[in-house]
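This report concerns only the one structure given below.
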């Protein structure tokens, strides 16, 4: 696997290099500028000029880019225009929350998808299928802002059993039981859509696998259907599911922006929204670059998992 | 001996029953004419019909503000109630469907088609494959929101932006998915068999690889179409989507949610339409998948 | 009277198409008995066996009765069936190539079969797996446990499938063409193994085969099927001596035979070949390696082969399973990367050819895959599959193409009505004929046929071989004919090359190689060929082999 | 154990002021350290109000300065300087004593344009500082400053020693009732009671400001007991909460904002004042106030609240809802093309107002196209004056001395404004209003009348409504106050249990 990763590394680096420039340019192409949002409508032109030179925005674009790259090379991610702190710290704080949230959601989605699709295929019962299919539809059809608010209304307002939002006051590690309660609603809300979509994929893939000749062989050996699904069909169906999950991850991150807002979850989603609306270039740039890094990594990871799951990819050659 | 040899060695064609073996193979169309497929088609059809016939059915104009009817609940006069600026939600829903039909049945398929073509063609050669995958990584890495803001910079907010954003969002999704299937299917001996008889890459892709990779794409198409309504709503939420006062299902739901505590009825109508549409899409995709497996 | 182990009465199986696949089949298998089911390709042999184990394809409707020790099996719910399958009744399916799970090692798959019936686990399971693999003659069984199916040759896969079926020592083994992909020596081993198992554990065997030699060798009783009906049933000896039904007689008459020891020719003149003629196919010190060099494990599949096939001639490739026959064939079609040497088709290097030239070369070349099932696109109808080469090259109009398809179907003895079916809806032999028809579509100059008749009953095989000879005569194409069936090779091939472990051990004119083999291995092969005569059963097989060796 | 139980605050009846407890406030937007003095967000306002003191205080409903850090003051006869007596018992949170030097530092900070405070020009007009007496200061002006008390009311007294940390959001040191403890960007701010406060000791032990950007989430958290007070609930939610026995909705009538329609005169279609008059007549202000702001506002033509010296009840009724008159005016103009109507996207109130305005204008034959713009872009258009049509926005500062508005609020700026309205007369009147000894002298009032006439005649800015500020809180929150600056005043607030 080592050499496999090594082979992918150059292209990943090229992507990052291109991305850094693309992001830098794109961020500045979007109309609106940091000075006007910082200064507010009533600031005098002198004030704005002062801010502009303060931020170094009066320099030529290329100079700014080179400067930024130089900073990056030194591990300095710059200072946020609006929030003022080190971009590094801001991102690190938000990243913890976002990672906890998205990882939980991803895990939930994966578990739900696994359980539901295996249930659907193993039981193969009309009513179970109908119920799963309807639940699926609702989960896909209802936008996050609807499910989020309904969840809050139900579990925090009408039956106040869970917090309506926010992160655990003492962090995630101090009191895991409390942390879990804070995490539950937003993670469920985030996981719903991805989980439902994944369930659809996995169910279809499993059904397709069950028609393969090797399943007939296994059945002829008297291996029960449940076991065939779990130990054989699933393994064959997983690679495509992993790809879908890798793609879904993007949707998940996108959804995180909304979920974080609804559940007051101070993560990167809120940060990036704020950074964009404030045209906080250093912050936006780093966040976007981070997003690209994460995606390149995720894709690498799915490829690795692919190879791990499918010996034909791993070992190569066809008989 | 030789007589009987001819007799017994006659090919199976001699069997009289074979002449009648001319039934049509249960294909995609049959799948849509019964069970799940039919139910799905009816649901989609109903939503589409409501949208197309909207102007005839709507009791009010989509932007008509009815004096005094501020956020009133459902009644005989206003089936779904009225919104915060006194418009009939039912009428707006009907007109809103039209907007979403465009997004769901045009933008998503366009994005999907381009993505699939891209994925198919690029994955055939290692070099283009690597390049295309990295490009997809890049596009996927940009959250929808940022894509939307970036695009508004060039085309301004409105339906057009929504359209472009959805195309841009779906493109890499389908591209990547296609590529994964292609990588599995292209290893199949029957693709090799076509290769051996001299079929070019395009032929192999079009005739063998694509048709045998369609399952996940069909599912994704249904999912993407469903999610499109939601993306449209989220964009309106940021002021990048359909411009007020033009109605759309997404923006209606968003408005409804804004008024959740005062007017819980508001979002119900538009949501029901979306659920019907999504259910229809999923049912049809399920039916098609089943038909293709059979 | 004691109840037979298996009693099938009036079994009928039909699909949505008007003609029932099985009309009325009655078979009984007694304890410890080996019954052979023979008959025309497509006559319902496989379906009968599948009905017994309760795994008919979707859409099949079965009526009649199937009793195992008096218990009715037909219509048994899936859960009850699971206790029977594998443990009491096991089956080896006709096409072993796809029968294994591609993402699990064969060791795991055997262990899983053992586990299914609460058998051994862990270390013991591994030991048993090794034992099973050894029993089915897989070399280096310990190491092969960690192999994935795609790393095995066709014959190896077939033996793994057999090992799976034998894992739980079933009372009844349904073996659907268990030896088609095996070379004769391994086949002899397998037959001996089957017999041993029968003798040791009293397992009854219902074997489906085309090979009358196998029947003669193994079976106690023979049931002959034709068009879904039993036409004759008799003890093996009686059947061979005194076939009653015309079809049985025809079947026996069509069995190809190797020249007997007394008929052997000692010196055959090599045909005159002009020295400057361009060979249809030339292998020059060809080497092929599988496996990744980076992992440091390299398997030489073909090791320094030099062969030459003249225009209009047929080169028969024989040799043990896994000896590189398929690999050589695939090389000619440019499907395998070369590790050394060169391959020239009509004097040109296919691997190096580009663009139009390559397409042109391809057009003159046809290929029959060893595994017809996998080489037919499941979404194509039979007609589409056969027509594809024409479509690819845009040859002739639509109508002409359809005519050509009908012609070809007829040539391989398939009814025109099959044109609409999907590959899945055919029997193994029918699929193989489709693959052959497809290869002949373009009137090739060079045909590479990898086991083109392995799934055909002798009568159809005879017809197809006649057709083949006829076509070859008329069109004058050269052919690489890969087969385990030495008699068939003997019948069609001008030249023969005997392969072993990637090397050519002997080559030359067919009559010479088969008539006066010079290499021990060739002699071994010839000796292992089961003679289609139950009376000489004991004179062949391992006994004779030892004698020769 | 349950996170809900641990989080939910006290609730119950009132038995007089009690000490203790942390007030949890939900705020819509986070603080922005670089513009901490600009009243740019509700969290900023809470921070300034909790941590800092001003020299004087305006009551909510008039403009008579009350002592705070300054105990008394004297404006010079020529109106060019002011002397303030300062308290001598005041300490910063760091323990350092508060002196006249700190006043000088604070004013100079405000005069620095990079802080972009609205009264920067006023602060910059103060050029002389006499700090010889640590407990008294004399400020001398460049020119007469009729609005100097506005500055003194708004200006927080900041600590010079920790000023660097203020810039980066690390520390906020003032003399106010609460000490700043921590800030977690985009999450929360915490404060604790200042035990050494010079005034009455606050009842609350501390304050926690949670940034809850979604207004609906604020309401949910208020309802679920995670918050005690929210500042960003929508008017509709406030109305519903007001009817709920578990919650109070408090209105603060003096701290107001105005919502208006701006007109960019660079657009030739808008150049004719008749069209702008037609717009002013066509807008149904009552409906906007009733339906969008749920009655929490007043329809207006001029920005001033009724206690302002510039208030003119009659003039405020110049343009009332009169579609017929509007139609007549439009008819005189003939056909006009579609005019863009911009508003900040993503805000429910703006969106509703914009749609009503569009419908109102449409009804009289003025076609408009709504252009929602992302806030940052919107502000850029406002500053650059690139709307090219109509826009909807809110402004503040009309509840201070009227001249403050004319010289400080961007849409009214006589030198340069988003409307591209240039008028010598308007500029003269605005300057004259500023150059007064006092903000409510008869001379000043006379200037205000002229300004009012300018505004009503030219209509480059069509006022719609004056909006009152409201908060919603649980019944356990008592004695909540607000400063004129819109900052929560929690000095006497207490929680009952």
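Points to keep in mind about this one:
Here the chain labels run A, B, C and D in written order, and each chain numbers its own residues starting at 1.
Note that a residue touches a chain if its C-beta (ideal position, glycine included) is under 8 Å from a C-beta of that chain, and two chains touch if they have at least 3 such contacts.
In this text, all values refer to a predicted model and were calculated from it rather than measured experimentally.
Once CA atoms are averaged chain by chain and compared with the all-protein CA average, the nearest chain turns out to be A. Pairs A-D and A-C differ in how many C-beta pairs touch across them, and the larger number is found at A-D. Spacing of chain A relative to chain D, judged by their CA centroids, is 39 angstrom. Our note on geometry: chain A versus chain C, Cα centroid distance of 51 Å, whole angstroms.
Chain A and chain B, compared by their mean Cα positions, are separated by 23 Å. As a whole-number value, the distance joining the C-alpha centres of chain C and chain D reads 89 Å. Shared contact sites, meaning residues of chain B that touch two or more other chains, fall at 149, 189, 192, 237, 257, 260. Across the assembly, chain D contributes 216, 374 as residues in contact with two or more other chains.
Within chain C, contacts with two or more other chains are made by no residue at all. Annotation, chain-chain contacts: A-B, A-C, A-D, B-C, B-D (touch as defined at the top).
The touching residues of chain B, when paired with chain C in their complex, are 1, 4-5, 7-9, 11-15, 17-23, 25, 188-200, 203, 207-208, 211-212, 294. Listed in rising order, the residues of chain B touching chain D in the complex are 63, 65, 70-71, 84-86, 149, 152, 157, 237-240, 243-245, 257-262. Put simply, chain D touches chain A in their complex at residues 1-4, 6-8, 30, 32-35, 38, 40, 113-116, 118, 120-121, 167-169, 184-188, 210-214, 216-217, 220-221, 223-226, 374-377, 379-380, 382-384, 408-411.
Residues of chain C touching chain B in their complex: 16-19, 42, 58, 226-227, 246-247, 249-250, 253, 333, 335, 359, 362-363, 365-367, 369, 371, 374-381, 388-389, 392-393, 410, 413-417, 420, 422, 438, 441-442, 459, 463. For chain A in complex with chain D, the residues that touch the partner chain are 31-33, 36-44, 46-48, 50-51, 54, 81-85, 90, 93-94, 149, 152-153, 156-157, 160-169, 177-178, 181-182, 261-264, 266, 270-271, 274, 277-279.
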